[in-house]
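What follows is a short report on a single structure.
Letters are used for the chains, namely A, B and C, taken in the order the chains are written, and counting of residues starts over at 1 for each.
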Amino acid sequence: MAVAPRSATGPAAFKRRGRFRPGDTVLYVITLAAALSGLVLLVLIARELLTAAWPAMDRFGLDFLTTKAWDPNKKLFGAASFIFGTAVTSIGALLLATPISIAIALFLTELAPRGVRGAVGVLVDMLAAIPSVVLGLWGILVLGPFIVNTLAPALHGTLGFLPIFSTKPSVGSNVFAAILILTIMIVPIISSICRELFLGVPQELKDGALALGATRWEVARGVTFPYARAGIAAALILGLGRAVGEAIAVSQVIGNNVAIHWSLFDAGDTLASRIAGQYIGADTKLQINSLVYLAVILLVFSLVVNVLAQIIVRRVAGRHSAA
Amino acid sequence: MSISVQEPPEPRSTEEDRPRAGLPSAFDPSKLGASAPASTVAREPVFNIENLSAYYGAVPAVREVTFDIHRRMVTAIIGPSGCGKSTFIRCLNRMNDGIPGFRTEGRILYHDVDLQGSNIDAVSVRRRIGMVFQRPNPFPKSIFENVAYGLRILGLKDDLSGRVEEALKRAALWEEVKDRLKRSALSLSGGQQQRLCIARCLAIEPEVILMDEPASALDPIATTRIEDLMHELKRDYTIVVVTHNMQQAARVADLTAFFSIEQGEEGHRAGVLVEYDDTSTIFTQPKDKRTEDYVTGRFG
Amino acid sequence: MSARAAPDLFRSERIRRRRAVNLFVELLATGAALLAIAVLVIVVASVAKRGAGALNVDFFTKTPDFAALPGQPTGAANAIVGTAVIVGLAILMALPVGILTAIYLNELAPKRVANLLTLALDVLNGIPAIVLGIFVFVLLVNGHGQAAWKASFALAVLMLPLVARTTQEVLALVPDSLREASLALGAAKWRTTLSVVLPQTLGGIVTGATLATARIAGETAPLLFTSSLAGNAVSYDPREPLSSLPLFIYTSAEQADPKLHEQAWAAALVLIGFILVASLIARAFAARSRQRLAGER
């Protein structure tokens, strides 16, 4: 870097050459390039996937979304049964996980004695750290048999009149197992976000309700939940997104069957799981293109889900800091 | 019933009420806002506080406080910062329960029932002894829903709108909000929000209203309205108000308790009750030198 | 003494019902927390119990052999080495880019640009691993063949938002007064950033990187498309597909051979053990750097 010569004193010595020093420019350019990588990757992902899926998209069009078959021999591929499977497993997992996660978050922020909070919080977070393939392994070898031998007969015996429990499984690989596994995966996600939200409710609001003679549950119901409403919605959306995108564990336990059944004890398949399961066996170009088409559907969904959740999160943060 | 304090006060006649030499004219008794000298109004204790000490863990906040609080009067609690005024008032409705390590000794009798007894439910206590906080804390709901909150919890859903209107009228807020009950409470000014919090408290018809520096976050005009409100409310409710503003105490209170900080034997400084008497006495003829020093502004 | 009768402080139907509801909810909440812990314990116990049996020296030194005779020792040495290579390369790829990204976003970028790029990173974070796997397949593998470095690339893409986000958070913790002190001495922005700000954040960066590593070590989906056709021999060459622990578990679990199941459990135990150790190290590091920051102030 050029420095003004020592002999020069006075204002002239302060004159700078150009707006940036070269070092600054170099740092700026390098870091900007790095930072753009996120954006570039997003664009690249969209482009590459669309390009690779195009032959299948061109051939099947939007009918792909309503075609139930997936037949490599007949060269007929469709996403309908996987969309159905994805919907059933994710929504099922969300229905189970929501009350459990919110209850855990309440427990950790209001009810548990201080000493216990840290330990229990860590344990719940560790649930999130279990790799999905390990959970899937456990699902196949431990949960599956348990469902076949104990859980399913019990549910089928008592609630068999309901369409969702109307068959009896012979193997442990079914939609029900997938729902349980997904629930285990998304509970820590939703509960940790809710925990932060509940901690962020101003104490003075809770004091106001307590001073009116409200019980702790009434404070939660009347003050905490409404205050955290938007954040809870974002948490649920993120949990849903996670459930939709989970491929490995689901493919291990769901049975990989192309069909639309009403009973949860039948096998099925989801978008993500079909991609994972079929890839190794896929030989024709059309099959691969169709698999990428499935990935495109997944991508669109996850983009919508994520952008939605991020918008909610940013809007809530703005509102609460302004209030 | 006499007030329990270090020594029972001598009955005084009003002709001898003269400001002590040296007291600033701000405490001219003729300017005091309190109504007829409190000694002439029949008194009825609502609280009997007996040797109350409060601790945060090992550190005492107040020590051996003993006095009574009387029905349908405004009792002010004054004193320098850190003398435990807020801690004390929060004991009266069990609001300190949630603080880890907090404990008390002594008794707080509310209509002869010890509020800290093991069979007493804090939730029920707070229904009857309400509280207004230093900073207005309305819920982020509509004005109507803020007032209705306590009613809904209690299941008093018959004539909800009627009760809400009544409460808002008693809090002198109805005229200002009657056309916008569905609007958010956060759209009100600070003073209005505080009156809303008072209305919210009044809706469930408590007997006692505790106020922890209710006007300290408000501008002078809003403060005046709160003080006027206190005058009206004391006709029906027992009011205990903590304030660091002596003039405010002089304006609104019938009885005043002066707390100060003392070093105890074990070395901790904690709040103690120094003097408790009619407001006019506290400010014009205080019996304790510490009181006189405080009200004349020599310290604190 | 009092003119009114003592008010009802502890009776009445309504308050009893409300308290019952409150108690019920508290029990449910406690039950939910216990349920989560129970599931954690059951899963970890299953892995520990079933995996410990097959976790012997052979596991770490021998390689799989599907035609092995009973009694012939096999192991997962190739998978362990492969995972180390793939994850190591992924860290090398993701860490510099993530740190530089965080520097730009926190120190140099105008607010709007920073918001946009942060949003892009958050969205990238939410893309399912399977989609990323297919993306890397289409971009790099289709027509060119699999390779371990391509698997590392996929994992690096997965890691990038995590590293960038945690680095950004520690950068934001550095007080502005430090930056101003450096600038006031006549140091240029680049020097301030590299010599003054960055050193303060090294602890946080290590923590973030460790947590991100723990996160991707267990990812299977990206490996499916980039490094699944690996041989059984131990190899360190990133130009060819290498075996990996997650894929080893994935494929072994599907087989009918119970011996392979045992090995799958053992591999799961190794994986969980690694993740646990990495998380503990990260936490200890975070606690220590927090103490140091507090002490220095």
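What we mean here is this: contacts are C-beta pairs under 8 Å (C-beta built on N, C-alpha and C of every residue); 3 or more make two chains touch, one makes a residue touch a chain.
Since the structure is predicted, the reported quantities are computational estimates derived from the model, not experimental observations.
Novice: Looking across all chain pairs, point out the one with the most C-beta pairs in contact.
Specialist: A-C
Novice: Taking each chain's centre as the mean of its C-alpha atoms, which one ends up farthest from the centre of chain A?
Specialist: Measuring from the centre of chain A, the most distant chain centre belongs to B.
Novice: Using mean CA coordinates as chain centres, what's the gap between chain A and chain B in Å?
Specialist: For chain A versus chain B, the centre distance works out to 52 Å.
Novice: As a quick test, compute the distance in whole Å between the mean CA positions of chain A and chain C.
Specialist: 15
Novice: If you average the CA atoms of chain B and of chain C, how far apart do the two points sit, in angstrom?
Specialist: For chain B versus chain C, the centre distance works out to 54 Å.
Novice: For chain A, give me the residues that contact two or more of the other chains.
Specialist: Within chain A, residues 215, 218 contact more than one other chain.
Novice: For chain C, which residues are shared contacts with two or more other chains?
Specialist: Residues 18-19 of chain C touch two or more partner chains.
Novice: Please output the residue numbers of chain B that touch at least 2 other chains, ranges allowed.
Specialist: Answer for chain B, listing residues that touch two or more other chains: 123-125, 153-154.
Novice: Any idea which chain C residues touch chain B in the complex?
Specialist: Per the stated touch rule, the residues are 1-10, 12, 14-15, 18-19.
Novice: Across the complex, what residues on chain A touch chain C?
Specialist: Against chain C, chain A makes touches at 1, 21, 23-24, 26-28, 30-39, 41-42, 44-45, 48-49, 51-52, 99-101, 103-104, 106-108, 111-112, 120, 123-124, 126-127, 129-138, 140-142, 184, 187-188, 191, 215-218, 220, 238, 241, 244-248, 252, 272, 275-276, 279-280, 291-292, 295, 298-299, 302-303, 305-307, 309-310.
Novice: In the complex formed with chain A, which residues of chain B make contact?
Specialist: 93, 95, 98, 100, 123-127, 130-131, 133, 135, 137-141, 149-150, 153-154, 186, 197, 200-201, 204
Novice: Chain A touches which residues of chain C in the complex?
Specialist: Chain C residues touching chain A: 18-19, 21-22, 25-26, 28-33, 35-37, 39-40, 42-44, 46-47, 50, 96-98, 100-101, 103-105, 107-109, 116-117, 119-132, 134-135, 138-139, 142, 157, 160-161, 164, 188-191, 193-194, 214-215, 217-221, 224-225, 228, 246, 249-250, 253-254, 261, 264-265, 268, 271-272, 275-276, 279.
Novice: Please output the residues of chain B touching chain C within their complex, sorted ascending.
Specialist: 1, 44-46, 48, 71, 110-113, 115, 119-121, 123-125, 128, 153-155, 207
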